[in-house]
Structures are given as structure tokens and as C-alpha cells.
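Quick one: the structure is below, questions incoming.
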Amino acid sequence: MVIPDLTVEVGAVRLKNPILTASGTFGYGLEFLPYYDLGELGGLVTKGLSLRPRLGNPPERICETPAGMLNAIGLQNIGVEAFLTEKLPELRRYDTAIVANVFGETEAEYETLCRRLDGAPGLAAIELNVSCPNTEAGGMYFGNDPAALARVTRACRRATRLPLWVKLSPNAADLVGAARAAEEEGADALTLVNTFVGMAVDVERRRPRLANVTGGLSGPAIRPLAVHMTWQVARAVRIPVVGMGGIMTARDALEFLMVGAVAVQVGTANFVRPRAAVEILRDLEAWLAAHAIGSVREVVGSMESTDEGQP
Amino acid sequence: MPLDVSATVVRNLDLGHGNFLMDFEAPEAFAAMQPAQFFMIGVPGAEVLLRRPFSVCGLPGTFEDSAPSTVQILYRVLGKGTSLLAGLRPGATVHVLGPLGRGFGAPRRPEAVPVIVAGGIGSAPFPALIARLRGGFHEPIVLYGARTAGELPLLDWFRANASELWVTTEDGSLGQRGLVTDPLAELLARRAARLHVYACGPTPMLKAVARLAVRHEVPCELSLEAPMACGFGVCLGCVVPTREPGSDRIRYERVCVEGPVMAAERLAW
Amino acid sequence: MVIPDLTVEVGAVRLKNPILTASGTFGYGLEFLPYYDLGELGGLVTKGLSLRPRLGNPPERICETPAGMLNAIGLQNIGVEAFLTEKLPELRRYDTAIVANVFGETEAEYETLCRRLDGAPGLAAIELNVSCPNTEAGGMYFGNDPAALARVTRACRRATRLPLWVKLSPNAADLVGAARAAEEEGADALTLVNTFVGMAVDVERRRPRLANVTGGLSGPAIRPLAVHMTWQVARAVRIPVVGMGGIMTARDALEFLMVGAVAVQVGTANFVRPRAAVEILRDLEAWLAAHAIGSVREVVGSMESTDEGQP
Amino acid sequence: MPLDVSATVVRNLDLGHGNFLMDFEAPEAFAAMQPAQFFMIGVPGAEVLLRRPFSVCGLPGTFEDSAPSTVQILYRVLGKGTSLLAGLRPGATVHVLGPLGRGFGAPRRPEAVPVIVAGGIGSAPFPALIARLRGGFHEPIVLYGARTAGELPLLDWFRANASELWVTTEDGSLGQRGLVTDPLAELLARRAARLHVYACGPTPMLKAVARLAVRHEVPCELSLEAPMACGFGVCLGCVVPTREPGSDRIRYERVCVEGPVMAAERLAW
């Protein structure tokens, strides 16, 4: 039985394995200590951080939908300063790649955030959330407009030497255009997808189920859409792509890897099974071993296919 | 430290009117749960994605006819998740994460008289609480209300286990006609000094209880409900607005971690 | 107990009730005769028709995904002539609105199709499929580009006096722009949504599960996205909107009606329960009666909401 | 005329190696089904959306120990749908749509000898077929193959009910080592004239059977598999390429309506 090599490289960031946890579904990481050693993960991405703490949206903030959920948390977070003083020193004791997810309301805020995080000891990368569908501040604007996305990427690129990951919005009018814009402006990697804008109605009360009216759809429901987008983007850019959207099992993770993602993030699954990410990792390793595959890198982009069929 | 276990359903008793009492095999650690702490429970292979929150209702010893290796939840069928639970037979497996959240505390003063205000299925956390209180020599007064007689699933248990029980129904089909806050208002008016209120039920009831308790300056703990995705503090989906004592600043606190039990005066409803 | 009035008007087309069946999920209608009288339906939309018969895609054409399915049928159909001679004469014996769904590979084909159908006895409306994600011919091109969509709508408008429904693609870069373009060029109603482009990978064989690589996602998984889009479009145009996407129950139908659709189409549900559409109708009627609502038109657009929240 | 019914599971027998035989209460109309006609079966409240197709395996009288009010399906656990079925206990409800499709026909000539070629779980439609054939005084030869001995769930039934039985396994763990088409080739070489072949199993096996039968000009009916969304002809998801006799033009036909049984020479694989 081979013991598969699980290490992957997301640009300059070397990960011990391709399983990360997704922003907003993993708190600040420490909440998972009762469930496993964070050092088991390839990496973790923090809840989205802003310059100042944010209150977030009023409830109801979530509701379940078929094979998915809508959320409109409104980017509640403790702010970058509290993260640096209260969370990061704890987090960096674990041998895993820590990625700070950030968002701003203006280009300047993004830039300031990146500059503030630049020297932070123990940080592996910054992920720009330019795609949160809940709030204008969350970046709908930036992620939807390739030119704005290019500007914000450029500004952040100047502000930090940390690897810069740009997280794409599936709601962008031109996803591939956005991907290329971020690549051109020096993003080290692209991550996708963020949530899809959706809504649900409480028919008895005749009002939206979320106080915010609309919310972001995540979970297995979106996986076929996310796999398709990951495939499109991975073929369109040269920088590494990290895929996500509805990953619940190792098989789901393999779908993303096979269409070209070098690593994946586990999101909503963390809510359903707190140990989801490490269970997926263990099953992925077993799958590779059972198929006598020496390195997970061999499956990346390994899907056979001609070009997109159009009969 | 919460455990995530696959537990075997031992009994799933249909109490009528859509109410069920489920016993499942529990790891020993669950026996030390605080009343009103809860579980996130999922049914494998079912068409719901997220687990659902349920308070611990009975701990070993609470229900005489339950095996000491089990704990109990009391639930009411509302939607898909609870319908799925209701369809389970002994021997079925459920995924159980718990104990979660902060439960009810002990009364602060030894001479305190606990008053339990239970609205319908909101009575779920109280058998475990009453068992604990009696262990500590507190004899609670139970006020138990619902819209109608069928929505009082623990009536017999309270009759057998509460030294004082007041029942209200909105339609007058059992007990006093009215709201459960009517006898509470009476009690508070007569002898607020030594009371300690514990309440669980629909949000409008909790708001009314909180108002009464705050007005009479009686300690009051409410067990809250909120839609929950995770149950352990990471989705931020379950928040309620609260206020720091003496401050006007609103913040959002998580029902699953800072609650489900919160002090009445903390809520900024 | 009131007996609710179920009639609705989609522009000039008066329907006995707001439940139609969606194109491609109802065959040519006659396949459902073992299950119920077609006269129970508000209307039915045929499988997409082209000028000449089409072979469609090679298998595998479908696969299940969480709460949904992908299809790449490739628009297999018997062609407009066979429809007119073999199907329509049978269909028009039932007291229901018959809507012909059509697609072409060129503007001229769309126009010819509309002209050919123009005099057809028993036809209530034409639905333009400008949004099938499976084939370029299916209209990805037209639906994605407001200018092209405008041209094709204009051409069809000239070619027929039948009410013209334009079926929007959820994959359009600018959905509201497309909706307005169709409205301006004389569409009588808009229908939405068609399927979302997605894909799934057979990880054991390392190849796409569909021979066509990508397919269209339908079913309950997409409902929150479809409800949101229906809401957006209904607020942006003055012509009636017919909503669809993952409707399995009367409650689901009510979500679309409450956000502003005057009628709905039932799609994938027909596969799961052949009587789905009439069960939904019966439950809708019962819901209205239980809520003492005199007419289904009272629930259309009845959702309370401020503007889209953006905290 | 297919019926869509809620049927009660009467028995769900674990045959080992992931194979199950399920009996469910059937409306009378099902008793007249043709062998290889099928049902679309769904489990209420489960996390799969679409129903799954299963051939009728036993009709009243086929299995001695089954109640005459039931019909049987034989299934193998592969993915979510079949796992859900395997978890059902007697008393559970399944949604059953059927009969669907075209089944096997009777041999055209009275003196014909039916040869049944069954690959693994592809044996499912044959008990019903054998019962019918014997009713018409045809004694079929059964060729039963699989990768390994555990994948022959109907071995005992065939032993008791087939006048002639040849068993093959690819790993030689039971019967002759090799493919089920080996004995078929032998049979066809020796006495093709009177044979009528019925085959069901994995697609590569069916292709090999079809080639042999066409070469020997023996009537050959294949029961095909395809992913299905609806099962009654409206999704166009289940097609196979076919050719009109004497033509080179390919068309796509629906396995659920024009099949699942198709004549070997019609297929344009």
C-alpha cells in the first residue's frame, strides 16, 4: 500500500494537504479545537475581517433550502486588530497555513487591511473577499466589475508581500474576465466560489425568510455550478485555483481537483459535521491509496475531456 | 467538551398531538449536562442538510421508565427535520452533537423558590431542571400554558413531579383560560422577593415573561430559540440582539454559545 | 369555505389556473394522459421545437446531483412539422393553454418557426427558448446578449400575432437587461428560469458524467436562485412574469407567486411524480381556501419587503 | 396503464454481498406485468430526488415463500438510492410507479429453447420470465455469470427452477472460470437453430451477447440499463442509439418506453 503524498503548492504557499476550511464557516479556527487538532488541516481561512469590528445583520440570518442554506450574516466580525491580538497568536501555535480573509468598503480599506496584515507573524496568505453577495461593502461591486477588481487587486498587491488570493464571485457577469483581471494584477491564486445570491419566502407570513431579504446560497445544491466554474477558471488562467462549493465528501473534493483545482475549501459541511474537513482528508488519503496514486498532485486536472461539447 | 456521536434510538414514544419523547443511548458524559443545554441532531441519509437543535429533556433518573444509559428529548413535529425524527424506530441511528450551549443555573440563594414558566413544547428542558432543583432541595412552582390542552405534552409528568402546578390554555380547554403569564403576574405581585424565574417557550411568551420579571426585579433566565446551522458558534446564524448591563450599545450574541439560556435583562428585543 | 378563483391572465392569455408544465419535462403532453386529464392544467409548454427534427446528444444525458439533476438532452425533438400534424391535433382536444416552445440556430430560424406556428389552431402562445445552456443552437448566444435577444424578439414579434413569451436564461450576464430588452421589443410575457450551467465528474473514471461535459441544472437545488431572479425581473418589467425552478409543492409555487410571478411552470417535479402538477394545483387551491383568499391573484406580488437590504 | 402507488414493504431480505430481495404489497394490476418491465421506486423523505428503476423479479407465484399479494424486486446496493432501499424495514412505505416499458416477449416458435444469459444482479428479471416460460412449456437453459461467487444472488433459485444451469465466474470461485458468454458461444455453435436468447447484465456483457446472437442469426432480446429521470418517456434522458433494420441512420430511442427490452440487431452501439 502506498502512502500518498498529500502536499500541494498554491503558488508559493506549500500546504501539507489540499484540504482547507472556508471563510465564514470556521469561525476564527479556535472554535474547532474540541473536535480536532488544527494542525491536521492543509490550511484554514478566517471569517472575513474588516478594519473595524462589524455588528452584522439582524436576525433571521439563515434558513435551510433543498441541499443548501441561505445566509445573510452581514459579515459580523471582530475586526482586524482583535484578530491580530486575540486570535492569531493562538492560531499560529498550530502547524497549518493560516489565511486571513478580508473585505473593505473601499479600495483604500482593502489596501489598508493588506498593509496591516503584511508583517503579521504566522500568516500564510491573504484572501480578498470581493464577492460576498450580502452587502455592498462585502464586495459585490468589486467582484462584479473586472475593472474595479483589477484596481483593488493592484492596490492590495502593492500593500503586502504575503501571497494574495482573490476569491471570485459566482454572481459576476463575466467570471472568466474577472479571473483574468485578478491574474494580470498579480494575484497569486484564485479561490472560488463564494455563495450565489438567492432568496426564500415564508409563505405563511408573506415575507422573506431572511431579514436581509436576499442571502448567499451554499452547500451541496451549488456543487455542480461550482465545479463547472472551477473548471472554466482553471482552464483560463495560469495561476493556481482553489475550488469550493458544497464539498461534503472526499469524492466531492476529487471532483474539484480533477477539473483543475490544486486544493479545496470545505465550507457548509463544517456546520453539519464539525469533523467534516478532517474526515474528508482521511477519506481522500484512503481513496488515493486504494487507487495506488502516489501523489494527490497526479489527480489535479486529470479529468479527461475534449472541449466543452456543443452538439 | 461536546461529543459528536452516532446514537441508537431506544424508544420513540408518540405522546399524541404531534409530540414525541425519544430515548437514545448516550455516552456517559451526557449525564452531566446542564438543563437547557442542547444537542444538534441529524438523521443519516435524510433530505435535510442541517441538524436540528433539541434541549435535553431527561437525564438518567429523570424519567422512571427510561433506561439509565439513555437521555431523552421531547419534540414536536413542525417541518421536515422533526417529521424525520418522528419516523424513526427503535434501533435507528441518529447523529448527536452535544452538550452545547449554556444551561440554566442554580438559584443564587438557598431559600429561593424557582418558578418555571413553560409554553407548550417549551416545557422540554424542565424535567431535567426539576430533577436537579429537587436534588438541591428546591421545590419549584410550575406554570404550564399552551393554546390548547393537546399542546401540554408533559402535563402528567408535571402533575407527578411538581409540588405546585398551574395550567393555562388560551382556549380554556384545560386549566385556567388565558396566558401562562397571567399566573406569573399574580405570583410576582404577591411574593416576588424570593422567586427565581426559568422560562422556555415561544418568543412572544418569553418577551412577556422577561418584561414582568425585569419590572419586578426578579432573577429570570430564558431559554431562547433561533434557527441554527452549526450549534457550536461558527456560523453566526443564531444571534439575538443583547445589551451590556448599563449600556445602550447593541451587539449580537449567539444563542448556541452565549445561550440558549440568557438573563432576561440582557436581551435587547 | 370560499372556493378560490384560480384564473390568471398572462397578458392576453387567460389561464384557468396558474399551474403550467415546463418545456422539456412534459414531452408533448400526451405522455401524461395515463396520469390525468390535461384539461386540469392551466397550460402546458411543449418540448423545445426546431424547424427540422433533431437527434439530440449521445448518452449519458442526465445525472442526479444534490436536490437536482443535470441534463444535456441536446434538444432532441420531432420538429415543428411533426408537432403540427401529429401532436397538436390531439392536444387541442384538451381544455388547456398549449404553448409551443421553440428554438433556432439563427435569428431567421426563430422567425420562420414563429411564422410557421402563427396560424396553428389551438395554440395559445409561443415561448422562445433563448436560454438553453446545452447547445449554442439552443440559444446561449441569444439569451446572453441583450442586443441579440432584442433582435430575435423583434423578428419573432413581426412573424406572429400569437402571444410571445421569452424564456430567460439564468446564465445571462445581465438578467434584468435581458428582461428589459425582451419587453421593449414586444414580448408579451417573460418566463424564467431555464437551467443553470453545471457539471459533475465521475471520479472513478475521471471523466465528466455527461457525454456533453456540461449540462443544465434543474430541481429544488436551484429554487432559491430562481425565486430571487423572478423577484428581480418582476420588479423590473411591466409585462407579466411566469416563474419556475425547482417547484415541487404548492408552497414552492406560492414563493414564486408572492415575489411577483402571475403563474408558474412545474418542471423536474413531473419526473419524480407524474401527477406533480395537478397535486400542486390541488394543494394550492386548498391553501387559498384555508386562508380564506378569494383569488389567487391576491397573492401575486404580495410579499412584504422593503428594498433589497444591504447592511 | 402505469399506476403510481404508495406500497408497503412486506419483506426486505438481505441475501448477502449487498444483494436484497424486497417484497411489497402490489395492486392487482401488477400481477399481469411482463418480465423485464420495471418500476420507478422512490423512498419518501430521502435525500435522493429521482426515483430509481428496478425490474420486476417475482410476480405472484414466482417465489414460493412470498405472499401472493406482493411482487418482488431484487437489487444490489450501489449508491444512495439503493442504500436507502436496503435500510427499509417491513412496514415502510415506498413510492412505486409501474408497470413501465416493454418486457421480454414469448419465443416466436413453440419448439424454441429459451437461453437466459444473466450477469450478476442482471439476473433480476429472470425468475418472472422463467415462471412465464414454464407456464408455456418452455424449459429454459440458464447461463449465470459474475465476477465472483458472491455476485450470484439467484443461484439457489435457478438451481431449483432451471432445467439446465451453467455457472461462470471470472475468478473461478464458482462454476466454470470465465465469462458467461463462453458457454453461450458453445451453445450457439452446437445448436443455434432453435435457440431464443434473453439477456440482462452489464452493458459490456450485453454487447458481447448481441454480437454472438447476431452472428448466429438467433433471436435475441436484451434488457438494457440507462440512467433514468422519469421512466415514462418524457425526459429523453435514457436513450440508446438504434438503427432501423436495413438502414444506417442512427436515432435515439428511449430505454424506458421503447425498451428496456430491445432486439439485439436494433442496437447501434
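Going by the order they are written in, the chains are A, B, C and D; count residues from 1 in each one.
Keep in mind that, in the parts below, a residue touches a chain if its C-beta (ideal position, glycine included) is under 8 Å from a C-beta of that chain, and two chains touch if they have at least 3 such contacts.
As the structure is a prediction and not an experimental result, all values here were calculated from the model.
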item: Inter-centroid spacing, subunit D versus subunit A (mean Cα positions, whole Å); value: 46
item: Centre distance in Å when subunit C and subunit D are each reduced to the mean of their C-alpha atoms; value: 36
item: Distance from subunit D to subunit B - Cα centre to Cα centre, in angstrom; value: 54
item: Per-residue multi-chain contacts in subunit A, two or more chains; value: 56, 58, 66-68, 219-220
item: Residues of subunit D touching at least two other chains; value: 47
item: Contact graph of the chains (line, ring, star, complete, other); value: ring
item: Which pairs of chains touch, using the document's own definition; value: A-B, A-C, B-D, C-D
item: Footprint of subunit C on subunit A - complex, ascending; value: 56-58, 65-68, 70, 72, 74, 134-136, 173-174, 196-201, 203, 206-208, 211-214, 217, 219-225, 227-228, 231, 246, 251, 254-255, 258-259, 299, 302-306, 308-311
item: Touching residues on subunit B, where the partner in the complex is subunit D; value: 45-47, 80, 83-84, 87, 89
item: Complex interface listing, subunit D residues touching subunit C; value: 1-2, 4, 42, 47-51, 95, 97, 226-230, 232-241, 250-252
item: Sites on subunit A touched by subunit B in the complex; value: 24-27, 31-32, 34-35, 47, 55-56, 58-64, 66-69, 71, 73, 76, 219-220, 268, 270-275
